[in-house]
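In what follows, structures are represented as structure tokens.
Okay, so subunit A shows up in both of these, paired with subunit B first and subunit C after.
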Partner chain A sequence: MSRLLVLLAMLLVSAVAWAKEAPPAAADPAIEARMLALASQLRCLVCQNESLAASNADLAADLREEIREMMRQGKSDKQIVAFLVARYGDFVLYKPPLMASTVLLWFGPLLLLLAGGYALFRRIRRRSGAPGPELSAAERARAARLLESPGDPETP
Partner chain B sequence: MSAASLPRMRTTWIVVGAFVALVIVLAVGLRLNPSEVPSPLIGKPAPQFELPVLQDPHKSFSGKEMLGKVWLLNVWASWCVSCRDEHPVLVEYAKDRGVPIYGLDYKDKRADALQWLRDFGDPYRLSVSDADGRVGINFGVYGVPETYLIDKRGIIRYKRIGPVSSELMERKILPMMRELERE
Partner chain C sequence: MIPEIGQFALSLALAVALAQAILPLAGAARGDAAWMAIARPAARVQFALLALAFACLTYSFVANDFSVAYVAEHSNTSLPLVYRITGVWGGHEGSMLLWTTLLAAWMFAVTLFSGHLPEDMVARVLGVMGIVSAGFLAFILFTSDPFTRLLPAPPNGRDLNPLLQDPGMVAHPPMLYMGYVGFSVAFAFAIAALLSGRLDAAWARWSRPWTLVAWMFLTLGIALGSAWAYYVLGWGGWWFWDPVENASFMPWLVGTALIHSLAVTEKRGSFRSWTVLLAICAFALSLLGTFLVRSGVLTSVHAFAVDPRRGVFILILFAALVGSSLVLYAARTARIGLGGSFDVVSRESSLLANNVLLTVAAASVLLGTLYPLALDALGAGKISVGPPYFDAVFVPLMAPAVFLMGVGPLARWKRASLPELAVLLRWALAVSVACGVLLPLVLGRWSPMIGLGLALAVWVVATSVVTLRERLRHASSAASAWARLRSTPRAWYGMFLAHLGIAVFIVGVTMDKGYESQKDVRMQAGDTVELSGYTFRMIGISKVQGPNFTATQAQIEITRGGRPVANLYPQRRIYTVQQMPMTDAAINAGLFRHLYVTLGDPLNATTWIVRVQVRPFVSWIWLGCLVMAIGGLLSATDRRYRVAAAIRRAGAAEIAVAQAAR
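And now, the complex of A and B:
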């Protein structure tokens, strides 16, 4: 009987534990989802290895609120990103834009791959196709003699 | 040296050269400070703002009032630890050298901010309260303290993220201000 009571009490307590659901983070779940999708592509400036979506920094929370507000005003993602880039620079973008100063960043790896491939190609070709050192006229003559008389090895 | 070892020698030198180049690139990279993000606002007009004056919230102050003057806008807060390092420098240059410094009290409680100025001295000609940090966002503030040098046309000419030192004042900010005064 007492066991049953304990069990009942435990069940009741657990009911209390999960009775309270987390309140929705924002009034509009669609805007919240859109904001999080955009913020995950942006860098938090305070803790630079975190996205704006993941960061707990004060500024990140403010900027998320700013993004929500702009979304409520009907601004496009592009306009919002432009707003942030105007203030914090391209640094807020995890995916930097393609411009003169970032060409090396974008194409550097490809360049390295091509250079490496070319070096490898040349090396392999040299190894497989390369004849030994050039023969002098006397050596050529000797080789020709050797080739003409296979059954008669020349002794030095 | 035999003829065959020549290309091998060359390869060795290329590898050593590439390694040295890599070390140099990495060493330079290590010395860069990634937390100093160059501000896109340099060379652009300072964002407009109109905020209540910290000491007298009934009055407001707008950046426009500073047109025609070369001035410093210092972003500070009573909760900001490194502001404490920089504060004596600001007080010194404001009092002894008459450098016009205006404060933007960023995301702060008014009472705390006033107490802070009483405790450590007030180097500012005037401070404004940016309680919700919206003006800070427009200035691209992300690490307090930050200091902006604004010219007579209201254009941001220089930005310092982090505390201002006497050395920075002497070497960079004061010479720039003198230069801008002549413009």
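And now, the complex of A and C:
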């Protein structure tokens, strides 16, 4: 029995000896992290709707490699994006640039909020202090009946 | 033979739907009781016919009848039984059949639970739903027939898309469609009220439980879809602002506004026209979502060219339904009364402000989803609108909405006092600001978004506690406090829970976005990687044979401080029929963290890319949705919707008389 335990212990020790810390998948983790951060803001051009970072398509893999290469050459994120836009157009950007045709897109929500806020303000001001609707005789009688009858106030 | 029966049932259902669309509405307009009485039996027959058609299609799938083109497209003999059943809604035609069958199920439910409604109301509600049903049945029969034969039959089918061969497929689409289609009931009630001119508290009370149940299904459907995307797409994202997701999220936002607005209309009689408009919009957005997803206009603009009839048909259907209801709304809106008055500071105002924020958020999502399509159609260039845009727009709109969510339940109806509210809320405010500033420091990393998220979550919890305390304020003893809690209506607990669900959800999103960690490594048997205190060790790689796929499977043993935590088995699968590769992530799910392991590409015979992730609090995202849904269900089953139908009928008649006299 004790011999078996020793054998087991030796096996365990040897297993620990074989184990090594797994190396990062990327050659340069810093560039990889930067590339992924940038690629998650870009669209894979051949997929239905996936970011360049998440896509498994061949073109996406090639583009990721191209971005890594440009980063190794010391290009800034801005330069890389400019290069990709020059080649593929604004379609590649998940965050469309502010230009004449996207003014409405970027300021639309703000305009909607202002319009909604204005309508809200006008409505509340008109309604506040306005007299409530007059009760008819029938309604008054019903209200009186309800007030007299004991019961759950939530159930009219 | 069976598919022909199904098709015949569909055709009969269309005939019944047309009768249901015309006669009860005409009867209600003319005051003809016999015509109105057609509504209920027609709806029930329609449900039976659609259930029969659905059963026929299911039978064709189960029996591997590849002479039915739709079955041949979406199934295969090697497909496990459960996916042959769910394959029924794995494609366009079957999805539309599911949509229409669920619509009929909702109509059937209306016939069951409408005993207390006036006959003309039932006739109008079912008549409007009959119009919708007729439109969709015509769409199915003329453009998307699931029973079309394919002769000669192929020996085997082309298989269900492997992405859809997942337990998520069982529950997600039916739940989501139940939500989508459920808003048709609120829509039908709104149109019926516009037609009859009786837009009163009684109308709001009738349509509230239906709206709440539909909202509950939609919440669950969206949450299930998100959870499915999280574990099946392999990289752990749970929301992508994909147009198809947006299509389900827009009705949810407007539906959320609607249930709040209905509450005000029921309790105070205010916001009537606004509530009606929201009910129309919620269903219009459900239809628009169906149109966007089903017409193919989203995945590719060219899908119109493939089968232009489908896109055009559903666009016409959409325009006709929404257009006519808006015209009706415009014509009748002047006659809608105003209801009770209220002050600038009041519960009504805070709910109205929240409504504005929710609808602006929905409109912004709509803008971002349609903008690229519109630009492309105008020839003004191709752009993409993705997560960076939606995040930038959404957070500034939702943060004040969540803030108001804490104030609303404490503000009095009609007129609240700011100083009083400030006194009530000062501690809640102090605690949430302190938590927003300090908690991230304790957790190890501070950023504005983490601070904001945690502050908002704590705010919701703290204000909920204050609301509960206010409810018990005048209770002198434990016994009277208990009595107060027991007499508190279930709807109030529903609201309480749903708001707490939002807090749980915000915690999940904030913690996961703020503190997730991941590593991509090359691993062979025996290698280890450390992440956030967990040690992941690859034990080995093996081949596994599934029912209709082969897989490479890694065994990853996870320990923490030498103690075993779990063994995970991530896979790379190849589905044999379509030869499609799939990543099957392995997750060890806990309440406070998920350990998420994905097997990537092989580098050589023994070394693989492996991604390990530690996702703190990520399950709270879906837990929060579940809590919200339970809240919705609690509210929908409130006592006052269930009992005293007779009293209510008398009351409704009295109100009608009073309104007619006014």
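We adopt the following convention: the second predicted complex is superposed on the first by the 102 of 156 C-alpha atoms of A that agree within 3 Å, B and C clash if a C-alpha of one lies under 4 Å from a C-alpha of the other, contacts with A are read in each partner's own complex, and residues count from 1 in each chain.
By definition in this document, contacts are C-beta pairs under 8 Å (C-beta built on N, C-alpha and C of every residue); 3 or more make two chains touch, one makes a residue touch a chain.
What you see is a predicted model, and the numbers here were worked out from it, not measured in a lab.
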Examine A:Phe107 and indicate which partner it touches, taking first as subunit B and second as subunit C; both and neither are also allowed. neither
Among the partners subunit B and subunit C, which is in contact with a greater number of residues of subunit A? C
I'd like to know which partner A:Val46 touches here: subunit B for first, subunit C for second, both or neither. first
Would you sort A:Ala54 into first (subunit B), second (subunit C), both or neither based on which partner it touches? second
Please work out whether A:Asp62 is in contact with subunit B alone, subunit C alone, both, or neither, and reply first, second, both or neither. first
Let me test your reading of the model: by the given contact rule, A:Leu120 touches which partner, first (subunit B), second (subunit C), both or neither? second
Output check: A:Phe91 vs subunit B and subunit C. Expected answer is one of first, second, both, neither. What do you get? both
Of the residues on subunit A, which ones does subunit B touch that subunit C also touches? 48, 89-91, 133
Counting only contacts in the complex, subunit A reaches subunit C at residues 15, 18-26, 32, 41, 43, 48-49, 51, 54, 89-96, 101-102, 104-105, 108-109, 112-113, 116-117, 119-120, 123-125, 127-133, 136, 138-139, 142, 152, 154-156
Subunit A touches which residues of subunit C in the complex? 233, 235, 237, 240, 242-243, 270, 299, 337-344, 349, 352-353, 356-357, 359-360, 363-364, 367-368, 371, 375, 380-389, 392-393, 397, 487, 489, 519-523, 526-530, 537-538, 600, 609-610, 639-640, 643-644, 647, 651, 654, 657-658, 661-662
Write out the stretch or stretches of subunit A touching subunit B in their complex. 45-46, 48, 58-59, 62-63, 66, 85-91, 133
Help me check something: in the complex, which residues belonging to subunit B touch subunit A? 3-4, 34-35, 37-41, 107, 132-134, 137-143
